[in-house]
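Structure first, then comments.
Chain lettering (A, B, C and D) follows the sequence in which the chains are written, and residue indices restart at 1 in each chain.
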Amino acid sequence: MNKITLLMHCNDQSGIIAAVSNFIAENNGNIIYIDQHVDREQNIFFMRLESEFETDVLDLEHLKNAFKSTLVKQFSMKWRIYTSEVQPKMALFVSKYDHCLYDILGRYKSGELNVHIPFILSNHLDLKPIADSFNIPFYHVPVTKDTKPEAEAKQLELLKEHKVNFIVLARYMQIISPKLISEYPNKIINIHHSFLPAFVGAKPYHSAYKRGVKIIGATSHYVTEDLDAGPIIEQDVARVSHTQSIDDLIAKGRDLEKIVLANAIKHHLNRKVMVFNNKTLIFY
Amino acid sequence: MNKITLLMHCNDQSGIIAAVSNFIAENNGNIIYIDQHVDREQNIFFMRLESEFETDVLDLEHLKNAFKSTLVKQFSMKWRIYTSEVQPKMALFVSKYDHCLYDILGRYKSGELNVHIPFILSNHLDLKPIADSFNIPFYHVPVTKDTKPEAEAKQLELLKEHKVNFIVLARYMQIISPKLISEYPNKIINIHHSFLPAFVGAKPYHSAYKRGVKIIGATSHYVTEDLDAGPIIEQDVARVSHTQSIDDLIAKGRDLEKIVLANAIKHHLNRKVMVFNNKTLIFY
Amino acid sequence: MNKITLLMHCNDQSGIIAAVSNFIAENNGNIIYIDQHVDREQNIFFMRLESEFETDVLDLEHLKNAFKSTLVKQFSMKWRIYTSEVQPKMALFVSKYDHCLYDILGRYKSGELNVHIPFILSNHLDLKPIADSFNIPFYHVPVTKDTKPEAEAKQLELLKEHKVNFIVLARYMQIISPKLISEYPNKIINIHHSFLPAFVGAKPYHSAYKRGVKIIGATSHYVTEDLDAGPIIEQDVARVSHTQSIDDLIAKGRDLEKIVLANAIKHHLNRKVMVFNNKTLIFY
Amino acid sequence: MNKITLLMHCNDQSGIIAAVSNFIAENNGNIIYIDQHVDREQNIFFMRLESEFETDVLDLEHLKNAFKSTLVKQFSMKWRIYTSEVQPKMALFVSKYDHCLYDILGRYKSGELNVHIPFILSNHLDLKPIADSFNIPFYHVPVTKDTKPEAEAKQLELLKEHKVNFIVLARYMQIISPKLISEYPNKIINIHHSFLPAFVGAKPYHSAYKRGVKIIGATSHYVTEDLDAGPIIEQDVARVSHTQSIDDLIAKGRDLEKIVLANAIKHHLNRKVMVFNNKTLIFY
């Protein structure tokens, strides 16, 4: 049994679902999941579909070519097909905070994430012992004003060497360079410790405390060149009160950050995310 | 422009989506919403689909017959087709509590609910002034041990006379008779003031207080012959603490009850609910 | 039995609680609720206290004078004492949206709010029928660029005539003048339809949709001269997804607005709010 | 600077707060936190108080004796005084599930929990590698029908040897014996994977799935002889839908269990919990 996941979008028009479901049926596939959405403002049709094929060996290349030369052409689709056989490679970038790192590695070791982590990279040495205790290679790539270009070159080299598919910034405290972003478009997942777009930038818990909000949040988003303004993948919030100090907010926020980042990683891994117009569609 | 909503289920098998989407396309319809679910335990395929037809006048009967004689037969479907043109009729049953009644009537007058309310029925006279101030007919049908059969007959008579499609028990404090339930299967919506299945029966806030729970809830479900055991449509919860008395729980619960019942009514009205095996599927 | 509520703050120092609890005991009162908070950054001590007195008639003036001439002096307190006997008067300002109005009036008629509503004021006539059906006086005070000063004079006149204690802006779509704000400092409660400080200003649901947030919110705050920047009393949020249009966000937001505004009103009515440094302390 | 935390309860009567705050003031203490609650049904007064003393060395024994011979006698108090100097010892009992273990150990290593973990005990060997990687002693105490008495004896021996103050059952899949419970009254914290009192006993996610609930939960409680019926410390919930299988519920529930258990541990550690009448008071 083989399974594919198809993500596609194109201008909205009649007959897309019929055409795609016929295509799957003609290729002896059985649709086990279909969900679609129409952006009425932009007139765009989006679809996510999972299909099983009963052949022993699925000729994925043949299927892709057939799809491309027929429906993709006919409807001018943007599309991607994934198979469940390939396990993605995820690099972790960290600095000094360890809570998201512990959380991700615990899930990784439990088998909760269908992913391979080839390495952890940090601009500091503090978290190396954690990487060691989980038996994951750790690279120390310090970043200073002067060494920034070399650091980025080193990062790119490691990412290519390990054939990394996507990057998770688990409280990595450095700005990602435009070059790295362009190499990994919508493939760098950040966790920001506020309910974006409130409290962009540094020290959001301090700002939240000062403003006297009754609810704090955390936001996971894809990294774009605009700071903290990329497509939002997942958000969550927690209630706070005047009795809580800034340190209490930070402590409470840690649990939010862990959960929100883990969920964003899972959505990305399970091919549930489409990005359009700096927003995400999450197909549950 | 005409719009239909199709709800269907049948044994899971290959090609259902392709067959249905072809059927719609052949009848010049355009699918604007499709969602499906497979119950892997029972091997049942469920689908909800909305389609627009560009004809001025849709021959609904012809469409239904065509669907019936082809796909329904082929796949042994259970199915229902609704059009947006018909406005359902909803009867409200109440006793003495007014919060859900005020909430529903406020939404009704605001135009939030695409429904007609032909009457409000109560076993008490207390809420008549509210019905009057909203200009809705009010029927007082007292229920005592001795008069129960006559009361039920009167209820059924009113429901038929007003061609009521479904009933909302907005904190109606009487057991519904099996006869009425069988006339309105999965068409009587109740609000229970606990997080079911915890605290079935009377005085759930008292039980919740006694057990010392940290969260209370409310549950809206279809009425079946088993008390508080029908298919759950919607639930919500709120955090409580030791500082809150039973009266505080009751007060906090009122807001839960209002929101949960209103959401259940909306799901039902928008044809988003399918019932199978004493559970609901809610297609968002 | 008489009950008072004391709210106070002063510079933090040793012995305040002992001194106040002694004062209450010496005056034959029994403390039934005490909660305190210290703002460590500003070094301010805050306390809320409820006390019962077993005398038939409490000489409140005498008690206040005794408190003033001893503890208030000794600790340089800012303080206020309320009795439960006096029912506050709340004016409602509305424009064209009716959901918050229906919600507040339903609670009012149910006896959920210990308050008197002397009148509803609007710059439009649309909601007059609702005021009529609930038997509450309705004043139409239109506001245009030219008539703004007269409109404000009329508002102030009505507020004084009816001895209004605080004002609730139940989706009132006009900027409140500095003069009115200064007459009712921390006594004008607004509901803003976003999770402040995100999406200040007009059309927050449109902005939320555009940004692609996964959670929307509502915020109730006291009105200050800075638009949407006053002390936050209450906030709540709801989860949304890409499937929801702007209209869906607006519909979902209505329920948030109703609950958040109602809770803010209750906190204010129950003397649970203290304001300091443009933030609130809410003593639950 | 020395800090104590006082927890007390007694029959409600006038003057308790004044008496206790005077006692603290006379002993040169400064109350930095006070919260109280009156159970009106049972007429019990509860208080939690934190006080700082400016002496270099606090003579705790003297303070306790003074308190005992005066106020405890006068009001017939049940009381306990804790100092922040003593770091409690917490034993972890686990079986085969690792998610709560990873979560607690991550927090422990991050310094989030002011506690010492002398050992991890399990009836299986599966999680030994995790204990090893975190450098915490691991004891394997298998439990079978025949060896149950010896296993319990071994457990008690280890607990005494390591002077354990309280026990956390991090998904430990064995019934705790009455003897162990009586040695650690309200000192054994369990995590149950449902929203109690719904779905007591084994396989709660299966039961939740079968009942078709729209929300699942987790509950942390003190262990008593009645299975899953001890005083509830903390609960939390998450929304689910018909699209989620039992395995999905289990996966989603893991995050709930982690957060709920961690919060219960923190409440217990920070002396925020009082137990009365099989319910908890949590002083935030």
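Everything that follows uses one rule, which is that a contact is a pair of C-beta atoms (placed from the backbone, for glycine too) under 8 Å apart; a residue touches a chain by one contact, two chains touch by 3 or more.
Everything quoted here is computed from the prediction, not taken from an experiment.
Taken together, chain B and chain C share the touching chains A, D. Of the two chain pairs considered here, B-D and C-D, the higher C-beta contact count falls to B-D. Here the CA centre of chain C is 38 Å from the CA centre of chain D. Centre-to-centre separation between chain B and chain D, using Cα means, comes to 42 Å.
Within chain D, contacts with two or more other chains are made by residues 241, 243, 284. Contact residues of chain B toward chain D in the complex are 37, 40, 195-199, 211-215, 217, 231-237, 241-243, 245, 278-282, 284. Of all residues in chain C, those touching chain B in their complex are 98-99, 102-103, 106-107, 109-110, 112, 130, 133-134, 241, 243, 251, 254-255, 259, 262, 284.
Across the interface of their complex, chain C is touched by residues 14-15, 17-18, 21-22, 24-25, 30-36, 38, 239 of chain D.
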